[in-house]
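The structure under discussion is supplied below as structure tokens; questions concerning it will follow.
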Amino acid sequence: MSEAPSKTNPLLKVSNLSVHFKQGRTLFGPRPALRAVDDVSFDLAEGETLSIVGESGSGKSTLARGVLRLLKPTKGQVWLEGQELGGLSGEQLRKARRHMQLIFQDPIASLSPRRTVEQIISEPLQTHYPQLSGAERREKVADIMRAVGLLPDMRNRYPHEFSGGQAQRIGIARALVLEPRLLVADEPVSALDVSIQAQVLNLLADIKQERKVSMLFISHDLSVVHHISDRLLVLYLGQVMEIGHAKSIYERPQHPYTKVLLSAVPRMQVVGREKRRRIHLNDDLPSPSAKRAGCPFASRCPVATSQCKAEMPKLTDFEGRQVACHFPGIALEGEKAA
Amino acid sequence: MSNAILSLRDLTIHFKTPDGMVKAVNGVTLDLQEQEILGIVGESGSGKSQTWMAPMGLLADNATVTGQAVFDGQNLLALKPQELNKIRGTKISMVFQDPMTCLNPYLSIAVQMMEGLRFHDPSISKREAEKRCVAMLERVAIPDASRRFRQYPHELSGGMRQRLMIAMALLNDPQVLIADEPTTALDVTIQAQILDILRELQRERGMSIVLITHDLGVVAETCDRVAVMYGGRVQEAATAQGLFESPQHPYTIALMQATPRVEADAETQRLAAIPGQPPNMRVPPPGCAFFPRCPVAIKGTCDVSPPPLEARRDQHFCACYKSDAQQILKEAEHV
Amino acid sequence: MAYVFRRFSQMLILVIIALAAVFSTQRLAPGGPFDGEKPPPPEILANLRAYYDMDLGMPAQFMGYLFGMAARDVDETGRPGRVHWFSVPDDAKVSITGSTDVTLGESDVLVRKWCPWDEWLGRWVKSDPDRRPLRKCGIVRGDFGLSMTKRNIYVNDYVRDGLPGTLKYAVPSLLFALFLGVPMGFLAAYFQNTRVDFAMVSVGMIGTIIPNLVMGPILIYLLAIQLDGFFHWLFVDYLDWIELSRRQRTLNLIPSGKSGGPIHYLLPTLVLGTALLGRIVRLSRAGALEALRSNYVRTARSKGLPNWLILFRHVLKPGILPVVTYLGPVSAVILTGSLVIEFTFSLPGLGSQFISAATDRDYTLLMGTTVILLVFVIVLNFIVDLLYTWLDPRIRTEGSPT
Amino acid sequence: MSVLRPESTESALNGAFDAVKSRSLTRLAFERFARNKVAVVSTFILLVLVIMAIFAPVAEMLTGYAMEFQDRNFYSAKPPNWDAKHFLGTDQNGRDILVRVIFGLRISMIVALVAATVALIVGVLYGAISGLVGGWVDVLMMRFLDLLISYPLTLIAVIALAYFGRNIYIVFAIIGLVEWQIMARVVRGQVLSLRNSDFIEAARATGVPTASIVLRHIIPNVIGIAVVYLTLTIPEVILVESFLGFLGLGVQEPNTSLGVLISEGATRVEHKPWLVFSPGVFLVLLLMSLNFIGDGLRDAFDPKDR
């Protein structure tokens, strides 16, 4: 286990985080645990945006909830501003939540249906700053509503009266009203239409720029991620495949999975589409509770060897980033030689 | 056009709801050509799915449909149910968005595949039907097809279910396949596979495919022609290449600029968001549906009556009063 | 299969709990079976209580009821000690003593009381000595024992007389409700929001809003009296060559006692059946509606299948699933309902036995009827589980309902 | 705080709202309810019945017959006689049926109210505990409920009443203890779906204390559905009470209830149909209106259903 980081270290440090779910028993003993997140480590610097990408079932949301301690990790530590969250008591953790906030995928479902916008946005204030007077609170709510592009006149309306994009702005306002250091956005735009999605993405980009918050941006959509991330973490079956600067990963992916993922993203270019090869995977995602010894991607990897199936590759430095592959940078069939 | 296989003529679909009439589709005229993949792009509420459900007779009971959908010289909208049943499933098939709920969980795959085949042609023996189904499953790359054939839908993964849906739709060798967001519920890696299968099958069988999607990228990768829908109308229709190289309608242009793309070079580049909200189809704007959000709208013209869909050049149609929207927006971008 | 097995064992556990609950409630409640107007003399009472194990502690009594006879260790001073329980086979030779004040014999284990009573109870039993040896085997061996208040009657015989009376009307009414209600519900769903729908739901509703205790008298009045009068007027008054006394009913709809042909089933079946009909119409309508609105029915339509085929193949199973689930709770409705028809039509049956056993505090009789009613419930629930696994392939392969 | 880019602001406002007034979910539900004609008529009928029950003594004053007054001229059950002001006839003891039915209605309603409250409390507590605590407690509690739901609990009520006498309070308690299961199930389902909902997670992620989460987010969302199922439990309770009364196990003389009155008349329907029809009509009206109101409320609060 590493030492507790000092103040100069990153805002968020996650080390060896694992979240496993027990799955009850069968007649023949306990079922294997579902390894939703397995031994994930990363840092997040102040003002930086780290995107976590992966397909459904890759454990992205579980990772977010493990970082925020909404789920109890099976093992591993999370440091926020040098404070280890696992060591906090319930009450201390509750207080510490002021510094980290969550934005949800389904904007309307994340708002309490019987409360007005004002009540929703001011709840965090009431919780952490009970000394504020009603007028001060109202003012703060109005400020933050304006900041996310909502009219303060809407404060007495209920969530069901808003469209998805507006509701997501309310959710963002609720997350921002405490001025947190860390913002975790769990697929914040995947439920929205393209035109609204761009509005919310721009809003998040503005927030990042003007408020210097650090952001964990979780998404399955590589094109969305492209527009917001500084760094990128590729997750597959709960394990880190590749982590590094977004730009360099997009330009030169090194892990076979990242390559497959990037090649599969549809591009808005009609010319030359016939020549573009998309790498097919030979099977569907295996169950995250299945036993495996080697690399989780080995069962679908086009270049897997017996070594891959037997031995989990360690996350090692390769060309300015970290890759968990025995053969980093290996060329796949149909891929242009770099 | 002479080689149109399915023609929609002034199709209008309204839904009666307790809170008022929803004017989902307002006069769509569109041709599906032989042997092409026609992409229909639009955001939710643009009426893109309803437009293609209507000729299949799959709209909810509270819908009123006017206009025509001509297939094989017959107006599908005027057919009796029995007559329509002779066409759907045999000559026109459909694949839906959510493969999870589109298969009956109580019936085996065998029953669900064979029923469409054997109902339309009772002369096919059970064994023959089985053989054809298994061969079809193998064609869509379902491993271990003869075992899968005996299983139930819940025993298959999402990608496999969607491939099964496609196999089921193609059993009767249809001339038209309508695919309604076939990859939306799936991961990108699976999406790529499904799109490739669709493209291959289209070429192999020479059928026409309507691909309904909200994803411009999917359209660019797959389709020959594209129609962009907004507010229950076709706003722009062109060949895929024509549309992506020189979009004419302000909405298409804005949509393209708002779509995040992997291939864009600038990292964390700002997207050009479309301001405002999509129109409420209970009270659609009197003129162009895009008027309230349009950067080049002309007050007094665009908000009075909807612009007609007119040819801008060969095979490129656009419904906009501003013929120079493209230039204006390009210049604005550079400033 | 594992699922069915698990459900079955759960049911068994519940039966034990329920029996224990009824057993302890009745023993804890004030009053007892021998508190009649003329209580027996104290020594006979003591023997009676000893025969029925009522002199023991409650757990011991219950074990005795379940497994049969009790045997007691007796310590050196002759005072009863620890209690063992075992069942005695019918042909076992057992020593009999007459009193609970046992003095120690040669053996250290004393088997109590095969036939321990004195004259008072003896008179009851010995008046019919050929019947069958007095057993005391516990309910695990199918013996409910001897009634406490009904003279000389085994609970087994009593139940055997009452059960057909109950089933005779319960089964036809359940079938009536199912075979009428499910098609009605499907029709209503298929023609949703039309007059057909309204009519079906309204007819179903009649049974729900008119409780069977009102429905009974209404039907008697309308069918058995008014309609009968009409028939009487039609056939008897004008065709006087039919030799019927004016007092005799033409249709003879009111069931009475053991007599009567199939026509006697009409009224009780209607009363009990309408009570179930509404729920079944509603549930099958809801189930069918959900299926009809589902994406897989849309898929079936897109395949060009006709509506009748879609209804039978794609809607039938999911449509009747809610009804199948309801068959569990339906047992309770049938049992209470059969109480009502037994009362309304003065029919013999388990229900009235149950009530009289409860009011007379006939412990053994009440336990006996309760067990039978529970078995009825269990069997129905078991059928539900079997049907469910048969209908839903997801349970079959995954082993648990979702 | 600085305003971000003007574009963000403008974008959300543009075409955002029509002039409709803001309405809460409860308000919307009541508006839907008010559109349901059957439910509204039922509410009216129920109100009339409730007023009759509350002012039952007025019936005594109007007819001039007390509930237990035995009219010598009308012994052995006479049909309705308007001249003698026996509007619905008399029973075998010469007592006025109308007055007795109204008092029976009153008792039935009191039993219904008290027993339904018992059921509400037991059901909500059971469901809420099961849903909130979760884990094996929930599994155990739900298994038990699963088993109970197909269990003829009314028969247990019969046994208990037979043993513990026909004290009216015992009737309350027993009926309440029989009819709580659906409430418990519904409440538990609601609590569970709330517990897993995003907005509760949002509150947890913000650090809102558990007590406030329950108070502010869970309870307000459970109340609606509990009220709906309370209105659906009341007719059930009335039915059980009538059933017990019918079997001669309900309230005792001098009190009477609709079930008791029906059972008195049921055996004489051949010759004296008015004995059973008068209480029967009132019972049916009561049950009908309550059922329709309950259905209406359920549809109004959960428009997806149906």
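First chain written, first letter: the chains are A, B, C and D, and each begins at residue 1.
Methods note: contacts are C-beta pairs under 8 Å (C-beta built on N, C-alpha and C of every residue); 3 or more make two chains touch, one makes a residue touch a chain.
Computed from a predicted model, the values in this text were never measured in an experiment.
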| item | value |
| --- | --- |
| Chain nearest the overall Cα centroid | D |
| Selected pair, greater C-beta contact count between C-D and B-C | C-D |
| Length of the line joining the C-alpha centres of subunit A and subunit C, rounded to whole Å | 58 |
| Distance from the mean Cα position of subunit D to that of subunit B, given in whole angstrom | 50 |
| Distance from subunit D to subunit C - Cα centre to Cα centre, in angstrom | 28 |
| Where subunit B touches two or more other chains, by residue | 273, 275, 277, 293 |
| Touching two or more other chains - residues of subunit A | 165-166, 199, 202 |
| Residues of subunit C touching at least two other chains | none |
| Subunit A residues touching subunit B - in the complex, by the definition given at the top | 55-56, 163, 165-166, 193-199, 201-202, 205, 220-224, 226-230, 246-247, 250, 260-271, 273, 278, 280-281, 283-285 |
| In the complex with subunit B, residue positions of subunit C that touch it | 192, 294-307, 309, 313-314, 317-318, 391-394, 397-398 |
| Subunit D residues within the subunit A interface of the complex | 1-5, 7-13, 16-17, 22-26, 197-199, 201-209, 212, 216-217, 220-221 |
| Of subunit B, residues touching subunit A in the complex | 43-44, 143, 157-160, 187-193, 195-196, 214-218, 220-221, 240-241, 244-245, 254-256, 258-264, 267-275, 277-278, 293 |
| Residue ranges of subunit B in contact with subunit C within the complex | 56-58, 61, 81-82, 84-90, 93-94, 96, 98, 101-108, 111, 115-116, 119-120, 152, 154-155, 165, 168-169 |
